[in-house]
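Just so it is clear, A, B, C, D and E label the chains in written order, and each chain counts residues from 1 on its own.
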């Protein structure tokens, strides 16, 4: 650590983060750092703390201890959800959460990267570029045909896709993607992997997934969490041959 | 055992199922395959009685289920693991499991030990509220909860979603074990093709609310079906 | 009863005479004509004559004096307007001649007799007169009552009779109270020895209540320094204690108010807190419970008067069943179509509440109905200067009992589990084999029934009118929400803290401002705890 | 139709005031029914038009308008609360109709279109206080009321009056509570404390409506007996007592111009008719009912005198009309549109009735403007000669709108 | 393409009706002879005006409840505050025509022995000031209240109940004579507005027209807000508040904007209401009044704007009618109406009408998950 300089030049830097719920330690001294334009896959047993970690990063959960920095300067533990989102952290939730009473198209529209203050929003009119962008995104998540349907009418998997579309629309610097492949067919899973790889060329992505085929497809560094801290880190092959990882996670 | 015949189902004016037929027999696993939004969940909803059907018939052991409320179907022995878990968020894990006692006789009201063998994490979290569990833990709870009712027909909607690989293997083993007892019929909706292929005795493939292919598990071997699941 | 009243001339007179009567030979033969004269005064139906008659009876030393005053106080002294004969009914209702106590001649019994009327002034005179008689009553309780009354009045003329009674008294407790009464008089008696007065001041101070304070503060201005000093010390001690007692008293009042709020709200904690129905008809369930109490009492009074004293207890299950039944009916006909649309329950139950109000108004009329308080709930107890009425104590205990029973039901029975499962996810509960429709009806019925029970308790302290429910609905929602929706403990603690806060604020700010301050405080408190006092935390809630 | 004369009845039949006002509606129906049995008025039948203003003050104005403008009633009997009267006042003025207002109120008002048949403060409060001072030797006063205009004004007047009688400041305790106050523990115990100093203490209660029942229940339970601290109330009558067990309250007082227990032939007949009309042998009567009885009969006489129901003529005919009241005197409509009334003090009996313990020798004329308020000392109301409701005797001008 | 058109069929129809009312009713009242069949009777004009003022309140409420999911059980307070501001102006206009003839002090102050006008009454002799206050005071209160509550993330029932506590506290405060607003009797006996007699038929007609115009104006304003992108954000907040946050929207600011705007509209409605009914008193603050306003919206159809206004009109007209023809049974009728509405036409009048016409009106937002969802943990899932 250089004195006076920034602690880190990573995009996201978690250091020794702990979170406890009624005495149960969901995160236990977790440290992690993600570089610019890096994609990282996170694996780990159910309950390892993966979702909780995302909660900490996005401001939903306040850590009891530890630091969380974004772009080395923003202390994520002090900002609220909206501020963090505005910094450029986007998230897809484990269970798809979309705006049920809005159409598919409006869901994307609301996510588009624009001024988020009430008055500019009140006076804003949709531009050509916005429209084109929406069209492109809908195409990408294969929901063009459903653009006028209410999101509540979508099937589970379609909602997953819609949420991915919303995430893309935000153009965040860091994408947190919790189990994107859940409920998708193998083909779609592969497609999602392509999509993420594409994105990761310019942005940073953190993907949580239990589907090893998918993780392998991504072909990136893997971090395995267990009981709230890092159990193993490295290439998928290295991690998945780790005895402990096999024991607690992969099974024999 | 379960006989679904020519069933249609609507959401408002949108048709989600068109003349779907499927059967399930004790000691067999029937797999339902299909891409997103083709109507798999809708089919299961029709079976467990969460949505009314507008055509066709569903019967269990020859008796029609028409007009029966979900709890009556549960009493007849249908256990359901829904997509999206739907655990009771404010009940503890134990209480969530105990909701399955409702259709049982007084003497049978115990939680079978095999559930904890299958999902050891539940045992250690007995007093945590269901809603506080992680996604995968909730999924395990949802499966466990359905088993508490000692179902004769087990209906599972993407049970492996969000579950870690080692436990998926365990679930596979469990399903195989339940099948091997020969008394339980299992209907399984699954996107995870390899998992389905390993377990299935029979399968149907759906598209746009219709069954486009059905048959014996052996037919799954080929690339045909896989092809159909792609877009 | 810690009041004092100024003693009218008549009273002073009575006490002096009472002393004469007892100080002299108790059974001196009464002068017959004097008694007749005195009794005649009762038959003119004028207060002044009645007053004179009372004094006359004492003066004459009538043998039946005690009985006459008893009867007079209880409204049992009557006269025949024609023959001007005065009679009394004894406690068993038998008609006797006032002069002799002999049974009334048969020809009088059938006549329209008039009751001797009293006003407050006379009532006090009668009380004092019978008090004087009672200092020597064989009934211990009556002697104590009489001595306490004198302690309050500090009437100097009563001193001789006190001292006479003291000399004859053997019961230590009565003796103690007589001594205190004597001290209360002596301390202010200018011609008593200074040392006696100072000692008396200490005795009075030891009693420590408001009457004692009055006795010590109202000393003549020219009292000798020793007396003044002793009195001042006593006053200081009493005031110190009273400032503590005041706080305790207000706390107790607060708990009592809290219990009322708890009772009113607890049914809502189920229909709204657990089931999520914005139940605007909750107040009407309380009202129905109160009317059920009224009907039960009326029925029992008409048909099985032997159970009169227990009618309130019998009303509890009746109110529960009636209100619960109405609840089930409402659930089956209206609410069940609205699950999943909680906001519409607001509209529907508002409609139901209007209908129920008007229904009761049509059936029972718009005015208040009388629900009587059984004897065992009347009156109050006082412990160390903190007093509480029996019915409040009963309400506190009752509220806690209802709370405990509900908590047990919801936490420890399978019905409780099913209720919670159904309200959290109705569809999935059905697929677990839970008979959702039945559970819904039972739960709503339970909440309504509990509201009905609250009506039984509220009938004891408030109007039984078609508006009863309206006056509690806002407070009930406030309590449930303040405590944290869906948490029964929250409702308990919420009710109690609102009650106590209200009662602590009231003396300081007055009832109106106090309530405003309380509301503002609640608004601000919710900012600190946006999900109530006992907020559920964690993912389970946020999801 | 034109062969009937329509009479408006404007009393709340629902909401908080229904509890008091419904009875008055029934009383009006009875009075009208009787008049019709006697052959109606000016050869026509009377037809009651009943509406429900639902204890909602703007609705009172709306309903008044509806009665006068749409239903064409020639007179309205109605209102209970002051605010409801204030709300309809402009309507009566504008549409030039007649309102009979039957409830005791704070005074400070005299309108051409309104006839006040209830008591003004000088017909209730002051005689009541006089009684307590004289008969009970009261030296210390608790003025307890609901926080609104009537109690505030009455207490202001009483305070001034008591001070003029030499009562010291510290011997007066004033306490206000919100509408519908139901928890009286603290206040009753404060009253007990205030009354335990050795000076005879009494409570003058202007507590309104529903709050009375819990207040009296608390008094009973805390053992505040009338012989210790008597409570005299101005708005507790037979109707209110019907909801309380009065045994512990014996001896507490009320000041009214009428009690059901008054033994006169007129009253007996009235009660009989009332109980027959309502088919309820236990139904009680009360003071505002008597006020309506007087007011209605005065109106009938005035219409007969004027020979028309025309408002202007009836208004002019009314002052001076006399009507025997039910307690054995003859009330007279005064030029200030108030009437003369006897003042009765009653003690609560255990059957929920009152025992009259005092009564003024003569009828007391109602005073629109109190002599004990600085702003109104100099005002006078006279619609006969001065044609003014608020004539200032100092400036010799008719204040406000009269000019 | 946009999912919301600024004005749809129902909106245009509504505007047309309201605007023609603004012209036709005063015209018919003033110009036609009283015996003409088309003459609107005098008493009906302020009555209709009152309904329109209520409709405006309902509109304001629908904006926060229907679109933003804030179930305010205290909107009556904003309405009443607006009303008081106007009432104070009207009181000051009485001048020396009060019963005591005091040129400065209103009667109730003279009567309670006040010596001088309290500071908060200053300025109210100017119409412009009073009008400003009728908007500013409710707005400011809503702003302060909302600023606290939305920041602390008070939502659902918790918010509903504290709004109720707010109006209840205000009611108690205004009941107190010491507050200087006339206590229970409130402000009444008005004489003039802008030097026109409030009782003159022409003034009434003008007030009616003004109310109708204000209603039309507020409808356009609300419509503009809900069809803007802000409208969409607000609906998103209603349905999934925390999700909206994760998209970077500052939920509290959005809520505050809408809540304050709505309170100001309610204030204007109150200010228009008072001169037409002739009295403002603290009972306007009673929680029951605010709940009733919610009921109007629900009856008309939540989240439809037109429905809210229609509901207010229908319920109040029903009330007027029932209290006249069924004085002792009308609560049965009204209560029954509410129950029937929920059971038979769950989407309210407007929802039912459009269902009947078979049009799926895109501008109608299906009633989303409840505003209570976040409050009641036991959010029941739809029974299907």
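The working rule: contacts are C-beta pairs under 8 Å (C-beta built on N, C-alpha and C of every residue); 3 or more make two chains touch, one makes a residue touch a chain.
If you want to know which protein each chain is, UniProt gives these names: A, B = ABC transporter ATP-binding protein; C = Branched-chain amino acid ABC transporter permease; E = ABC transporter permease.
The structure displayed is predicted, hence computed values, not measured ones.
J.: Could you give the fewest steps needed to travel from subunit C to subunit D through chains in contact?
T.: 1
J.: Measuring from the mean of all protein Cα atoms shown, which chain centre lies nearest?
T.: E
J.: Which chain's mean C-alpha position is the greatest distance from subunit E (ABC transporter permease)'s?
T.: B
J.: When the centre of a chain is set as the mean of its C-alpha atoms, what distance in Å lies between subunit B and subunit C?
T.: 63
J.: Centroid from C-alpha atoms only, then distance subunit A to subunit B, rounded to Å. What do you get?
T.: Measuring from centre to centre gives 29 Å for this pair.
J.: Distance between subunit A and subunit E (ABC transporter permease) based on Cα centroids, please, to the nearest Å.
T.: 44
J.: Name the residues of subunit B that each touch 2 or more other chains.
T.: 50, 86, 89-90, 132 - these are the residues of subunit B that touch more than one other chain.
J.: By the touch rule stated above, which residues of subunit D touch at least two different other chains?
T.: 13-14, 147, 176, 178
J.: Could you tell me which residues belong to subunit E (ABC transporter permease) and also touch two or more other chains?
T.: Answer for subunit E (ABC transporter permease), listing residues that touch two or more other chains: 172, 175-176, 242, 328, 331, 377-378, 381, 384.
J.: Quick one: which bits of subunit D touch subunit C in the complex? Just the residue numbers, please.
T.: It is residues 13-16, 18-20, 22-23, 135-137, 139, 147, 175-178, 180-183, 185-187, 189-190, 192-193, 195-201, 210, 213-214, 217-218, 220-230, 239-240, 242-245, 248, 251, 253, 347, 350, 355, 357 of subunit D that touch subunit C.
J.: Quick check: in the complex, which residue numbers of subunit A touch subunit B?
T.: 21, 24, 44-48, 50-52, 94-95, 142, 153-158, 160-161, 179, 182-188, 191, 210-212, 248-252
J.: Along subunit B, where are the residues that touch subunit A in the complex?
T.: 11, 14, 35-38, 41, 83-85, 121, 128, 132-137, 139-140, 158, 161-170, 191-193, 226, 229-231
J.: Which of the residues in subunit E (ABC transporter permease) come into contact with subunit A in the complex?
T.: Listed in rising order, the residues are 2-3, 225, 228-230, 232-233, 235-236, 238-240, 242-251, 253-254, 257, 365-366, 368-369.
J.: Touching subunit B in the complex: which residues of subunit C?
T.: 414, 417-418, 420-421, 424-425, 427-437, 486, 536, 538-541, 543
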